[in-house]
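The same chain A turns up in both complexes below, where it pairs with chain B and then with chain C.
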Partner chain A sequence: MRFLSLPAIAYLLVLFYLPFLIVIFYSFGFPNEFTVGNYEIVTNPIFLKVFLNSLLIAALTTVICLILAYPVAYYIALKSEKKNLLLMLVILPFWINFLLRTYALMTILSPLGMMFTFQAVIIGMVYDYLPFMILPLYASLEKINRSQLEASYAFGATPLKTFLKVTLPLSKPGIVAGVILVFVPSLGEFVVPAMLGGTVATVGTLTWDLFLRYHDWWRGSALSVIYIAIVFFSLYLYIKRAGKLEL
Partner chain B sequence: MIKFFVASVFIFLYLPIFYVIVASFFDVKGFTLKWYEQLFQSKAIIVAFYNSLTLALISTAISVILGTLAAYSFVRYKMRSESLFYTPIIIPEITEALSLLLFYNLLSFPMGFYSVLLGHTAFNVAFVYVIVRARLEGFQRSLEDASLTLGANEVQTFLKVTLPLSMPGIVAAALIAFTLSWDNFIKTAFTTGPGFQTLPLIIWAQAARGVVSPSLNALTSLVLLVSLLMAYLYVRLSRKT
Partner chain C sequence: MKLIPYRMVKTAVELVNVCKKYGNFCVLTDINLSIMEGDFFSILGPSGSGKTTLLKIIAGLLYPDSGKVYMYDRDCTFLPPYKRNVGVVFQDLALFPHLNVFENVAYGLRIRKLPEKEIKEKVYECLYTVNLDPEVFAKRKISQLSGGQQQRVAIARALAIEPSILLLDEPLGSLDLKLRQHMISELKRIQRKVGTTFVYVTHDQTEALILSDRIAVINCGKVEQIGTPVEIYEKPKTKFVAEFIGEMNFIQAKREGEYFLSEIGPIKLRDSNGADKILLALRPEKVVIDPKNTRNVFRGRVDEVTYLGSQISVKININGFIIKSLQPSTIKVREGEEVLLGFREEDVLTFT
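What follows is the complex of A and B.
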């Protein structure tokens, strides 16, 4: 009964893959004549500024998420007695769309007079992406065999040394997965900068504006193709290192 | 020390959500339901509520059927090219959304309920596939073999053995698909047409200007509580099995 998979395959081919092919066509000038001119946006100073800005936001978000998430994941995996409850609290935010969570954060930031700043964007990004960092870190820390830690102690290593020489290296796959899961989507994030950032422009807000405000689908498509290339390149690097993709 | 740090991070994660829900039940005089009463006096919001609910229900129904059948045949026949179903999960939503916009425009497909529905269903099919597939791999193939050996045909085996055993996975997938469609924003924004509104689009239209208001708190809480209800059902379901 292999044919049972045909409706789903056909659905995705028509409503996911084919549209994506059309984006590539548009980035080369379709339905007008072929051109690579749309990709010249990468040499445009405004675009470069927006791209560097996004890169900075994504990098800061990733670093702050990692610093906040590691102790949390470590605690849940190795120290906590209420593992299930805490794990549930990490997973619950995955069920709520960024739009709603960002609005919830707005109700706190707004009375504090912290809206429409670069800092507000960073707070919002960390707020939304933190669970994406905690979960893979938890997954790798949880797999650590406690006897390895005990061996380290038995041979006289201090807790700090045990952490640096045993725990941290063993959790590396989780760190890499978490960094990719946070960095890649936050590079193209739209909702947070649009709601909290005021005039802060990112790859996400630029994409939105090119499509829905200026109707410049051609350059918008080129921008998306570049972004997708970055996404796939990061995943490729990850899969090459880790052997396979685990979510 | 670490306990304090972990507690602070969880407060950071949950304070805004609690705050928006609590604030939606208060005005200067104290507890009130008036913000919710106001919501349901607005015809635009009632229509959007109906739209969001219909979209989520129909998209869930279609994606559960397509995704489950696909998961079944891929697992049982060890078919390749599974990445077909993983790409839609990995691709950033905004890219998927704009590609649909171009696709519909090229076909002159009318933008509105159906264009949004078809878009939501695309990522839901992928999610259902991944979740049901994990469940199907989790139980013993021998149960199906036993059924076949005892004379049931493939269709009977599927309906009487495979389907009931994979039901927890299917229900979990349905809950996730419903929620993804119910509070979806970016894909809806790119694929909707004039006059077709959903609750997240109404929230966006006001919140994008940075305005925080009690009625918006109520509307956001309403959408949020439905999503949390789905999450709660999901957790209960996974505890049982």
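What follows is the complex of A and C.
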């Protein structure tokens, strides 16, 4: 059966890993020269500012999504009689194109005078990424047995204690997955900041500008490589820590 | 026979006219029962009879629509479960997969904020009670245990809080036959040791008969009979109880002068509470082959003999009606043979 996985592997190889390799080559000055100079971009204070800005946006987006998504997922998984309908409503926005949804948001934000602000970026990001938090949370909460909660009540735990000692720890895999699914793409997000943020710069918009505005493919590549390295490293730390994390 | 010390036996649980509906469907109707302190009390009934609902009402996980629940004479009808001090062993065990064996058993103790030293002592004691060596098992994950071991952890967890009542919801349902038989004797041993009131929900009549001091048979949300295992087996009050517990021959009969005409011939009975049409019930082991007395003797042909070791099960055909009979295997009968069979009048149960 192994050969059935070959098309997908070939696809990824040709269209992801190979281009990524080319990006790495470019970051070292390919095809003109070999230099590490492009990486000096890291030392530029603007880069640091932009990166921290992205980090702030991604972190805020993730935290807000988690706070908003948990009650929804909890309700659908443990309290609702109409799970499928509600899940459907959560997934429904996916059926409308991402760009279209962001444009639609513009027509709401601009009469409120909120366009091209930091808040607008956060609102847009949360709006786009919320389902990515709800779904993994739902999946882990849904596995909790009613009787496990009942057992906790019977052994003396109030509903609040039951939530803290049983529900929350058992939903940990969902929290871990949801945080990754929201944080990683929102760190590199450029469409929402570009459309709603105006001058709000992120790693995403900076990469976009370097490639397509200044046609500096070499610095753009270096920035991409740095970004990917940071994402990989923080994911590695996060997953390693999350495994041990006691909630 | 259980020795009752010289003191008043307290009522641990009392249900008065408890009713519960799901939508328009009556799950429980007018349940009245009282459970004495220290009793092994079984709630026995077929699946869908409402026995788990009844258990949840005692635990406080469900509230009745009407009626009262008393625990030690205190009205607990709407007391939330976490204030009842009731231990529960759930049908699916409901152990906490994110905690190890020690923490599972310690769960209720940690909620009660006991000092660490006391918690450890209590957890070890409870693990010893259920025959799990704490040195070996305390640190194990729940997923690393066998079905029987998980069972024991669930019981230890429920015992740890020193509950005033321990509720068990078909706890042996998922075990294989051998382990089940072993756990039955274990449960009995544990209950004797800790002396806690056990309320045991089961659909298995054998478990109920072996384990219980008293049994409540319920069917379709109603109590059919409450009594000791002997009373339930020997003197079933309703046809349902007679049919549900053990094997039974049922014979339709109609009064005709001083006899009752039945499918196996005329039967003479002393008392029959005046009804014209009655249903006679006779346990297979009460059927006598080659009876000494001369009243109520019937001639039949042996249709089938099944060897069961110490006993044989014999199916006897009387004019097309099959009577099941259980005999010691010292009695020799062959298939196709004609036999005389009878029964003692006092062994026949009558239902109207």
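We take it that the second predicted complex is superposed on the first by the 213 of 247 C-alpha atoms of A that agree within 3 Å, B and C clash if a C-alpha of one lies under 4 Å from a C-alpha of the other, contacts with A are read in each partner's own complex, and residues count from 1 in each chain.
Just so it is clear, a residue touches a chain if its C-beta (ideal position, glycine included) is under 8 Å from a C-beta of that chain, and two chains touch if they have at least 3 such contacts.
All figures in this text were calculated on a predicted structure; none of them were measured in a lab.
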| item | value |
| --- | --- |
| First (chain B), second (chain C), both or neither touched by A:F155 | second |
| Chain B versus chain C as contact partner of A:R2, first or second or both or neither | first |
| Touching partner for A:T167 - first (chain B), second (chain C), both, neither | neither |
| Chain B versus chain C as contact partner of A:S27, first or second or both or neither | neither |
| Greater chain A contact set [chain C / chain B] | B |
| First, second, both or neither for A:S110, with chain B first and chain C second | first |
| Partner chain in contact with A:N145 - chain B first, chain C second, else both or neither | second |
| Set of chain A residues, in rising order, touched by both chain B and chain C | none |
| Chain A partner contacts - residues on chain B that touch it in the complex | 2-3, 5-6, 9-10, 12-17, 19-20, 23, 65-67, 69-70, 72-74, 76-77, 79, 84-92, 94-96, 98-103, 106, 118-119, 121-123, 125-126, 129, 154, 158, 179, 183-186, 189-190, 200, 203-204, 207-208, 210, 212, 216-217, 220, 223-224, 227-228, 230-231, 234-235 |
| Parts of chain C lying in touch with chain A, wherever the complex brings them together | 56, 59-61, 80-82, 84-88, 90-92, 94-98, 107-108, 111-112, 157-158, 161 |
| Residue ranges of chain A touching chain C (in the complex, touch as defined) | 145, 147-148, 150-158, 161, 165-166, 169-170, 172 |
| Contacting residues of chain A [partner chain B, same complex] | 1-5, 7-9, 11-12, 15-16, 18-20, 22-23, 26, 68-69, 71-72, 74-76, 79, 86, 88-89, 91-93, 95-108, 110-111, 115-116, 127, 130-131, 184-185, 188, 190-191, 194-195, 198, 204, 207-208, 211-212, 217, 220-221, 224, 227-228, 231, 235, 245, 247 |
